[in-house]
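Here chain A shows up in two complexes: once beside chain B, once beside chain C.
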Partner chain A sequence: MKMKLFGAIMATAMAAAPALAELKVVDTSYRTGPYAANGIPFSDGYQDYFTLLNERDGGIGGEMINLVECETGYNTEKGVECYESTKGGGSLVYQPLSTGITYQLIPKATADGIPLHTMGYGRTSAKNGKVFEWVFNYPANYWDGASHAVTHILNENDGDISDKTIALVYHNSAYGKEPIRTLEKLSEKHGYDLTLLPVDHPGQEQKSQWLQIRREKPDYVIMWGWGVMNQVAIQEAVNIRFPMENFIGIWWSGSENDVKPAGDRANGYKALTFHNLGSDYPVYDDIQKYVVEAGKAAGAGDQIGTVLYNRGMYAAMLAAEAIKTAQEIHGTAAITPAQMRDGMENLEMTEEKMAALGLPNFGPEFKVSCENHGGNGYGAVSQWNAEAGEFELITDYYQSDQEVLQALVEEDSMAFAEENGIELRCQ
Partner chain B sequence: MPEQFIWGMEVFANGLMAGVLYALVALGFVLIYKASGIFNFSQGVMALFAALTLVGIMEGQVPFSHLINAVFGTEIHHFGWHVPALAAILLTMVVMVLLAWLVNYFIFRHLVNQEPIILFMATIGLAYFLEGFGDIMWGADIKKLDVGLPQGINGTIDEVTYNLFGYGFFIDNLDLWATFIAILLVVGLVLFAQYSKHGRAMRAVADDHQAALSVGISLNFIWVMVWSLAGFVALVAGIMWGTKSGVQFSLSLIALKALPVLMLGGFTSIPGAIVGGLLIGVGEKLFEFAIGGMIGGATENWFAYVLALIFLVFRPQGLFGEKIIERV
Partner chain C sequence: MFYREAGDFKTSYQEDSQTFPIKFDRYRYYAVLIAAFAVVPFLINDYWVNAVFLPFLIYSIAAIGLNILVGYCGQVSLGTGGFMAVGAYACYKLMTGFPEVSILIHVILAGGITAAVCVLFGLPSLRIKGFYLAVATLAAQFFLVWLFNRVSWFYNYSASGQITAPETQVLGHAVTGPETAPWAAYLFCLVFTVACALLARNLTRGMAGRKWMAIRDMDIAAEIIGVNPLKAKLSAFAISGFFVGISGALFFAVYLGAVEVGEAFGINKSFLVLFMVIIGGLGSIFGSFAGAAFLVLLPVLLKNVLVGGLGWPTDLAAHLEFIIVGGLIIVFLIAEPHGLAQLWRVAKEKLRLWPFPH
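And then the complex of A and B:
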């Protein structure tokens, strides 16, 4: 009887299960917890783009995409659990969306032969493909961001900031400390004074830091924050009447969530970005038609066009283009994780390609190679328009200071290679 | 007057204000601990839930709209009206009383005379439940909260201090309001606990559940009342913190700021929560100002817990806590 019952259950399960998809992509999302407000739009964008490809194009190269979502709650342990529980079955790429999870996954993914794409976060020196075979952080990384902020300040001051003071308000964690070395190096080069102001996690109380800013009156404030730290910092800046146009956040401090609680007074706040903003792109018409109206949107469908939705969608688009590249290289539609890595390593994003995808001028042009897993380091500056209720791009994409950064990347990655006995590739 | 001293005075004043905000969170813990001996782990989440409910009511948001839309394929999000702040606060209070009744009915009335650790574990479960419930009910997005409290630098203090010291002090108007409200709240709660019939019953329950029952005090009523009061304190804390940072799920983490306050002020003293909050607020701000920069900064959380630890060593019951006497 038991065997019959077991057989019946198995038969039902097998009949009900969908055909196994060949292109498995995992979305390690966080829709719960303190950072859910940021995790939801990113995940919605990431999933909606793959859903669009399935619905409109029948997948990629004829193979349907099997998108698996796993909730991390922005918790490193849960992120690792997600990786371990989903890595089987040919998962092509992971986008951990957390620097903490990324650091844990680098050795695991390297051992398992599964590529990581840590777009604008994670370990910066993973840009060096000679050391980090399975990790990619194109199109820009934290050190690019620090350089973009300084270049923007240089551009506003006719190239001379030797008499300026810049304060870095940062989350007192590995993530927040990432830009310090770059900013110190750039300080040596350009002569500005750098003040470091760490903020305790989670950042709900920042009075000390902003009183110091009020006393010392730095010319510019750069922020490396996340979650509630961003909203409180912007509110405190408003309270002490710090000029918002001289307040520049990294791209993780530059979403609508960060500025809206401060209301109209946040107008003029700037944030870095490595992709364009808004929803005035042909691809959004398709997302509306094939995803939202078809009732297949990942979330409530109310995040489309927000900064973080765009970022998630951009990440999915780059993953899809890497899959296409891998399919072309290997002449097969059903690629493996190792073949996906080849696709990522040979990815080239041109304006023609982005325009054809319905995303003209959406991101910078860049090329990935065996040596360079981080792209060309282009970024731009956006500014909050409180009246319109949106961030607007106010500069073209420009390149980070490669002269300074390349040396830092080389130094850090080589130290990692030596510590871990990694044999260099691409020789 | 030396510049550093003047700045130190500004930091001191801001520390006092920050301390009041910490004390607001700590008060909720004290109320429940005083009446039931329960260390309520969910107090931070209650502040979050109260603030979420307040914004939801003010904005006319349909509760559980995401769930309703997902199940029934509808597209409803708002009722289309906006509720004035005062009315919304009253309605939120009704919700918090209902929550208190539900918490007591489904959880704590089943746990009378259980070990404190069991009651504590139950509040951990409640915290997780309430966080998820709040998410399903109101959504996870960050909401702007504006109940009409002014924010930004207080011009009068700025001007007066500038005339006195040649340097205008920064004091946030919101912090001044928080101080005023906290004073009212503490005076009200102390008067209630000391002089009202229900207040005395609350203290009797705190001393001994069974003895209180034997003289005819309704444990259920007292517990619902205390959880409602804690809900009210949570609502006030949620409004103050939510106005600063927007109402978002990290609001629940403000409980972390209350723990050193409780260790210092004592778990059973309402004035202790205030004094503890002020000591922690002033201490951490002055330490960060005077020493923080020399040792890398971001010392505030560290300092608060170290100060609390020192107090624990020399006065385990806190400054105002009841002395622990164990007789063999």
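And then the complex of A and C:
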């Protein structure tokens, strides 16, 4: 029985071997499980943008994009299986959309020479390109996000929050724990009190955490949630009548399907973002024309223009721009993963570039360098308007507290370098 | 025709009570061992090791461990995930604390530490039985996961709470860390799996195993014929914990390389290993392997057939996978409540007589 099983797996693995002369991009998505509500729009956006490039421009630089999707279910074991099954054939870049899987893949991808782009998640100290050669997390990371939230609270209180209390409701995992150190450092600097409230996977049970919030009445609640945890937290906040304008989510806790279940009373909920919102961009006309009307939209095609769809599309756009950069540097259309890495390291996003792509003023300008793989840490705050049914930007892009963060990034990445005997680059 | 016993004479008790008394069976077993040690390492690549062989081997060890407790000694445990976490974290602390000591010793020590923890949580089994014991071990599961999340000493105060296996070598070849060759990781786990299976097989057919089975079948009767329930139950917990700890250590160090306790060792893991034991067959070493193979390999196979072979959308395939695996579990359990091992036993009986069943 076992032998037959192996034989069958072997046969299908061979049948699935892809053609080589293409730009292979893997989308490790999750359309099932407790995180699917957030995984689907991101994956749809990621795929639709590449489909658009294939349909409208004939790929990138004349090379078609071969998009391979692999379902991870936000599960690390399946994530490893996905990575191993798709890494052959010159996969250019991985975007795992899971901090847990990212931690798995950092050593593996580094050993295999395949770049990782963990946009706004993953290991924050990967920003230090001197240590993490193959990992990129531009344009912003978790510690930027923590700082953005605190800066926003500072601005609301005229720069003095020494008498305030802030509670952090977080997913009890590597993802949720990321901002703690930053918030503690910032608490030393600004003098606020910090309460930590972990929520266990998958986050459907949060009664006790919100009971504690009701009892202790913190002035602000910051949330690091994902998947079903977001919806439950926002519903619980509504239930205890927590003032929604004092409730700030990280960018992964700010999509339409997180707030809609709570109805009108979720109005005023705030979430951070590192790119613009809405579907009022020229590129959407092209997506409509070349992708949706051609019947090639990924998934059910009903997510277009939502926050996470935009984010997925933004990730695909950054990947496509990095491919273009790599093609220019190396003078070849069919690039390898190593050349892709060079492309990512020399990526520069300017306003002209984004406007030319049909996405004017969509994200902050940034430039990746050998030392800095994480961009400049610009972000903005958005607020949910229940009546209009959309998130609206309420601030301009502003920079995170680089003075505090740079020291933290340096400290954490150097510890990693020492532990793993990594020689520093860019000297 | 197959499994012919004609002419297969036994002239000593030793021969008569060996694990594979039928010649054909014995040669098949040797052939599998030779193939596993001498052929497979030359053929496998990263994908085969990380998606198929490592999970199969490691879950087999866990299933053997749990089978000793549930299948042989009759003590229901829902704490397997937590005990695997003990093995993983013990291995991590040993690897980072004593990097000069071989990983082989760390893994075995991690098994020993898990055995001690397992005995501690096995103490209630002296007073309570059945469902009540299951609830007590469930508490162990939640407590241990909470502990490893809460106390940052266990993950060396890393900011993310993740533990990452440093690179270690055996005989000059890396077996953990990103530079590991696929065959090295495979052989390392295979050695542990084979050793554990041999150990378990010999324990369960010896005096210890007979005591466990006596306790399982009727504890009062066992006590009357002179089996000490304290020793029998706690030794089952200890030995089960040892195996589960080894599997947890390998799961973390060799297979995944980085884990996070809530995600990797949650309650789902406890149920998964318990299902392996139930589907494979309670009280059977072969059943542990069969159950692990069924629950680890079938989803991978289905995924490859549906997505790779037929080109279906990944979400549809993932949902169908649940339906098919779930359906097959029900079918198997209705067709043969004693698991795949019993199915195998029946097939063997039939093959012994085939093609002349009368």
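In this text, the second predicted complex is superposed on the first by the 406 of 427 C-alpha atoms of A that agree within 3 Å, B and C clash if a C-alpha of one lies under 4 Å from a C-alpha of the other, contacts with A are read in each partner's own complex, and residues count from 1 in each chain.
The rule is short, and it goes like this: a contact is a pair of C-beta atoms (placed from the backbone, for glycine too) under 8 Å apart; a residue touches a chain by one contact, two chains touch by 3 or more.
Just so it is clear, the model here is predicted, and its values are computed rather than measured.
Engineer: Do chain B and chain C fit side by side on chain A in the superposed arrangement, or is it a clash?
Structural biologist: clash
Engineer: Could you say whether A:32 touches chain B, chain C, both of them, or neither, answering first, second, both or neither?
Structural biologist: both
Engineer: Would you sort A:350 into first (chain B), second (chain C), both or neither based on which partner it touches?
Structural biologist: The answer is neither, since A:350 touches no partner chain.
Engineer: Could you look at A:200 and tell me whether it touches chain B, chain C, both or neither (first, second, both, neither)?
Structural biologist: both
Engineer: Touch check for A:369: first (chain B), second (chain C), both, or neither?
Structural biologist: The answer is neither, since A:369 touches no partner chain.
Engineer: Looking at chain A, does chain C or chain B touch more of its residues?
Structural biologist: The partner that reaches more residues of chain A in the superposed model: C.
Engineer: For A:172, using the defined touch cut-off, is the partner it touches chain B, chain C, both, or neither? Pick first, second, both or neither.
Structural biologist: A:172 sits against chain B and chain C alike.
Engineer: By the touch definition at the top of the document, which applies to A:103: first (chain B), second (chain C), both, or neither?
Structural biologist: In the superposition, A:103 touches chain C alone.
Engineer: Have a look at where A:402 lands relative to chain B and chain C in the superposition and call it first, second, both or neither.
Structural biologist: After superposition on chain A, A:402 lies in contact with neither partner.
Engineer: On the A-aligned overlay, A:71 touches which partner chain: chain B = first, chain C = second, or both, or neither?
Structural biologist: second
Engineer: With both structures aligned on chain A, tell me which stretch of chain B collides with chain C: 78-86, 114-122, 186-194 or 204-212.
Structural biologist: 114-122
Engineer: Shared contact residues on chain A for chain B and chain C?
Structural biologist: 31-32, 36, 40, 172, 198, 200-201
Engineer: Which residues of chain C touch chain A in the complex?
Structural biologist: Those in contact with chain A are residues 46-47, 50-52, 55, 149, 159-162, 164, 166-167, 177-179, 255-260, 262-264, 266, 293, 297-298, 300-301, 303-305, 307-309, 313-315, 317-319.
Engineer: For the complex, give me every residue of chain B touching chain A.
Structural biologist: 7, 10-11, 14, 17-18, 66, 69, 73, 131-132, 135, 140-142, 144-146, 151-153, 170, 172, 241, 244-246, 248-254, 257, 285, 288-289, 292, 296-298, 300-302
Engineer: List the residues on chain A that touch chain C in their complex, please.
Structural biologist: Counting only chain A, the residues touching chain C are 2, 5-6, 8-9, 12-13, 15-16, 29, 31-32, 36, 40, 69-71, 73, 75-77, 80-81, 84-85, 87-88, 99-100, 103-104, 107-108, 110-111, 123, 172-174, 177-178, 180-181, 198, 200-201, 299, 412, 419-420.
Engineer: Residues of chain A touching chain B in their complex?
Structural biologist: Within the complex, chain A contacts chain B at residues 31-37, 40, 172, 196-202, 204-205, 207-208, 211-212, 214-215, 227-228, 231-232, 235, 238-241, 257, 260-261, 263, 295, 300.
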